[in-house]
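Both of the next two complexes hold chain A, though its partner changes from chain B to chain C.
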Partner chain A sequence: MTSANRKDMLKRGAIWGFILLELAFFSIIGDQLSVSDQPFLAYDNMLLVLKQSAPIGIIALGMTIVMINGNIDLSVGATFALAAIVMLDSMTWPFMQAMGDWAIPLAWLFALATGVIMGAINGIIVWKTGVDAFIVTLGAMLGFRGIVFMFNGEQPTSHLNWTLVDFAEAQFLGLHTATWFLLGAALVLWLLMTKTVHGRNAYAIGNNREAAVNAGIRVGPHFIWNFMLIGFLAALSAVVFYSESGSVNPNDGMLYELWAITAVVLGGTKLAGGYGSIISTLGGVIAIQLLRKGLGHIGADTQTVNLVIGLILIAVLVLDRQLNRKGQGELKI
Partner chain B sequence: MKTALKVALACSTALIGTAAAAQDMTIGITQNNVGVDSYQTTYEQAFIAAAEANPDVEVVVLDAGGDVARQLAQIDDLIQQEVDAMIIWPTNGEAVIPAVRRASQADIPVVITNSNIAEAGFDFISAFSGPDNVTQGSRSAEIMCDRFKELGIEDEAKVVHITGQPGYTTAIERAQGFNDRLPEVCPNVEQIDEQPGDWNREKSQQVMEAFLVQYDDIDGVYSGDDNMGVGAMNAAIAADRVDGITFVGATNFAVGYDAMAEGTYWGSIYQSPVDDAEAALQTAIDVLNGEDVPFLNYFDTPKITQDNMDEFTKPVF
Partner chain C sequence: MTLNKQDIGRLLAKQGILIAFIVFMIGFALANQRFIAIDNIAGVIRSSAILGVMALGVTFVVIGGNLDLSVGSMMSFSTIVVLDLHDKIGPALAIPAMFALTLCLGAFIGFLVGYLKLNSLIVTLGMLSAIHGLTLTWSGGKNMDIADKAGTWFSVFGQDRIMGIPVPILIFALLAAVLTLLLSKTPFGRKVYAVGGNGQAATFSGIPRARVVFYTYLISAFCVAVAGLLQASRSLGSQNTVGQGLELEVLAAVILGGASLLGGSGTVFKTVIGVLILGFIQNGLLLVGLDFYVQYIVTWAIIILAVWLDVAAKRGRLWSPIA
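The block that comes next holds the complex of A and B.
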């Protein structure tokens, strides 16, 4: 029991150890190679890491819950773009413009509602048809992206509102607005997953769906709630990000689903479901952003960054498999 | 003796001082999407080569990979690294404006390269460096008119016009340059139709097919870029009417260059990614040196026709 606990601690701590390794590497070697006079570990730079983790991070938190369920959601990138379009376009509607800056919270509401509706569509289809979530959300990914392109063709949808930008750029207690949203969402979801019945059910369903059904958990409605949650979070991510940038390209958010899944897997959540943690996903997101930033800091190009992250992901999975196999071996003896 | 030493010391310190100051110029660039086409790939290589050839500058070369969020993060990173100047190839001409404002608030001069940001952001940038699309359009008109004069049909020629994607600044400006200049140089040439080809070769081919059915007499075709121009040319080849038609485009593509070598395509505008990159770096350096840089700092995009094409290397894209 204690050794199992210790191993669990070790696995959960692994991502944070990796982050420390990255920090050490980039601050020792990175500062030698960089042309910048600013040290990598500068306080401002670390604050930026958190801020820049937010767009994918908020989505990845939701992805953790869906993956603990044993499902997956590939449509989040398209939902992200769609919610952004709703938010920015709604602010140009005549009655919204008449409201002045009071239109902003309403526009946020519209965007979040869009995300929840998109998530609900996914959830209902998964529940009522029994088709695998991978296929359903793959279809949704293409379909939602189609809607995005139908909306404004190849052109960006834009609405620059400086009040909104000032809000998004603000720093409260040193942390950027986006960071607050990321940490806030992480806290709420961590409470949800560790302190509530819904959270415990999520693990139970991921571990063994039939057993969960037998135990009286209503799996279908549970899925819908989680898909609505991740839709909401994809929209929240869009709200936070586009408040600051004010313009969305129709291909924005492409591959975000894969970056989110990468962060979740780096954080140790199992693809098969039943195991994972919100806090570790936060670690996974920060690890990716540190890599992107650190490799940029030493002058590696974007393709190299992607290659390195890909290699690390595979290494993590191989390592995880080895550890688990050993663990199972131990149990048998 | 003592004074001589002092003077020597003062001189050498001054020398070191200036050398250090000159080398101190760090310029960051965040590009749109390097891997996506060879124009952007060549641009990056040329930019790095130009920076290496200049001992006074160090560059931080970043690529947004087409992702707006990544580009905004890179702009924040460059601000945090306290670069002396920043060059941005915007992934989205409006989304970068708040980030550009942050750079300007941090007193970092920003140069926009290749395609400009929206006017709301003009207050926060030092200069735009890129091609002048209006001039490109009017030069295409001159190429067309000169050719008509050579053929002796400048008083009767009829022209059709295929534009880029509606709404795109590049498309609008090129069409405007062409439409304004053609009546000035060849007042008797008549433009009989104008339709969008959306930068797309197939679309442009269809547009030209319709033109060929509709009009029995077409002497010239102007397209917003060579990609569409070659599409139009293929339609004329299929209809067996290519011989009497002068094709003029813009942004000379490799396909356009080849067609010129074969003698079916007449002329275009040569836009080199190397010139584009070098102009952007030079603009940033000039801004840092406090020189007077025009706000819209265009690099030259010369005319290329079958007559002078050997002066140009074949475009890589």
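The block that comes next holds the complex of A and C.
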């Protein structure tokens, strides 16, 4: 094994090592300090960690692909809220109500289509104007939020459908519905990124866009597919989450983009593109949720969670720099 | 001199944002007389002042080739801190103490991005979260209020007028003037452009890149402290999340002003224009009778059009060459 290989293994393994460290810390030291009788490693508790990872996690998976491309998407939080409001609002339309429970798949379809369309809009703008994805999606973050407000103003939109709630709260083979969606999305995207031409092209474009163009990859359409994909995933995340809660506030999903990026970066994906993996992002998402859960377990408040996650993110960056000194200017957007 | 198509394109790209601003102003004024009433204009500038002051600082950071996503939560921090200290040690001491603490945060970010050369997007993303945690720890998660709201002179910054002009506008204008001088008339200002335009070339010509970046974050933190002071003084009480989400709006204003995210371009004056465009569009659309959310959609279109014009002029063609 060459040293480069070993370094790569080390980097890919780092996030899982960190998760083990968290588990050990919270189950040994945490249980001493804990206020609850239940041990941290209790089966139910771990299931809950997975379930609660799902909303940000599903978005973060898509963010990984967009970031491997060398792009970024700041509009996912607004897309999330928009898809949620489309789903809940559409179920109150007269013809939908007349359909009974058959309205559910249709409402899901509307919501997912909304996500795909929003992603396509971003993708087309990035492709045709050549404006940096950071700016395009920053603008879209505001614009999509504006569309969200068109539905019900500043009022929350609610529609509780018990069939839907039962579905979202169900457990299949022990795992919650949301967890299945997270794992399913991760599996599909992992296959996409490692086994298909599209995945290889994504890495190639992120590594060196000019070389990718010269190799005959159509970069523009590729971007559109990936923005549609992340739009779809943001909508999927909303659909899964709001099926259970049944009520969406027009400001929901704010800062989700930043949480998703945090998880992706913790998983080791490079902002500059060309490097990263779906599985590591899954690790990053779980690591953050474990930290939240664990700090809650030992009685720390939410403020400590924010502080610790922020500092860990910076520490990861410092460590990464120490391990990887050659990349002086590479981490530039 | 005859104007051909290219000249018009270049003019549009260079002064496009100013032209768009004037067109908008005229349009709104024709649609509703109240739009150009003095008190309406003063009201818009006054309510843009907090966002504007923050945008002035972020302009330095962006010209230096970096980003600052932490300004929103840093503004919450300085607002909460100054309100809390106001009742504990009095306003005269609370203000300098708050400035010192905020500058410490700025120095920390500047150290990480400047001297350790870490990626500014991720560092400030981490600091967004960390500072939010710090604020919540400071306040214990509760809203912060001044006990004796009527009996303090602290409200002077946010609520008073001097010679009929609201103080926030004066502070915004003064800060903009000072920072314009700093950026365009001093060696330091030229170094900021050099570092952002081509960092390597700047290093080779003996410019201390790390120190310049460090100072841009100090300036940004100083502006955030001023914004926090204005916010605290205006409301005399605050939630922990008062600045949440402002970081991206500030960035939108700076980009609208024409600063490139790659660094090396932008001016304080243009950022002020960017801030005013956001403020006046919001106000104008409301006065014309449109719902408040239309401003978001219009802002979206304007940001993309402004940057598109800019990059189109630089590459000499409208559509991108991406295959």
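Criterion: the second predicted complex is superposed on the first by the 324 of 333 C-alpha atoms of A that agree within 3 Å, B and C clash if a C-alpha of one lies under 4 Å from a C-alpha of the other, contacts with A are read in each partner's own complex, and residues count from 1 in each chain.
FYI, a residue touches a chain if its C-beta (ideal position, glycine included) is under 8 Å from a C-beta of that chain, and two chains touch if they have at least 3 such contacts.
Here the structure is a predicted model, which means the values were calculated and not measured.
Novice: Thinking of the overlay built on chain A, is A:309 touched by chain B (first), by chain C (second), by both, or by neither?
Specialist: Once the two structures are laid over each other on A, A:309 reaches chain C alone.
Novice: One more residue to check, A:301. First (chain B), second (chain C), both or neither?
Specialist: both
Novice: Would you sort A:74 into first (chain B), second (chain C), both or neither based on which partner it touches?
Specialist: Second partner only.
Novice: When the two structures are overlaid on chain A, which partner does A:138 contact: first (chain B), second (chain C), both, or neither?
Specialist: second
Novice: Can A:52 be said to touch chain B (first), chain C (second), both, or neither?
Specialist: Once the two structures are laid over each other on A, A:52 reaches chain B alone.
Novice: Go through the superposed model and pick first if A:177 touches only chain B, second if only chain C, both, or neither.
Specialist: It touches nothing on chain B or chain C.
Novice: More residues of chain A are touched by which chain, chain B or chain C?
Specialist: Touched residues of chain A are more numerous for C.
Novice: Please work out whether A:169 is in contact with chain B alone, chain C alone, both, or neither, and reply first, second, both or neither.
Specialist: A:169: touches chain B, not chain C.
Novice: Hey, what residues of chain A end up touching chain B and chain C alike?
Specialist: 255, 301-303, 306
Novice: Can you name the residues of chain A that touch chain C in the complex?
Specialist: Per the touch definition, chain A meets chain C at residues 74, 125, 127-132, 134-136, 138-150, 153, 213, 217-220, 223, 254-255, 258, 261-262, 265, 271, 301-314, 317-318, 321, 328-329, 331-333.
Novice: Where on chain A does chain B make contact in their complex?
Specialist: Interface residues on chain A, with respect to chain B: 34-38, 42, 44-45, 48, 51-52, 55-56, 154-156, 158, 160, 165, 168-169, 241, 244-249, 251-252, 255, 292-293, 296-297, 299, 301-303, 306.
Novice: What part of chain C is in contact with chain A in the complex they form?
Specialist: Per the stated touch rule, the residues are 65, 67, 69, 112, 116-119, 121-123, 125-137, 141, 199-200, 244-245, 248-249, 251-252, 255, 261, 291-297, 299-301, 303-304, 307-308, 311-312, 315, 319-323.
Novice: Would you tell me which residues of chain B are touching chain A in their complex?
Specialist: On the chain B side, the touching residues are 26, 34-35, 58-70, 72-74, 76-77, 80-83, 91-99, 101-102, 118, 120, 165, 167.
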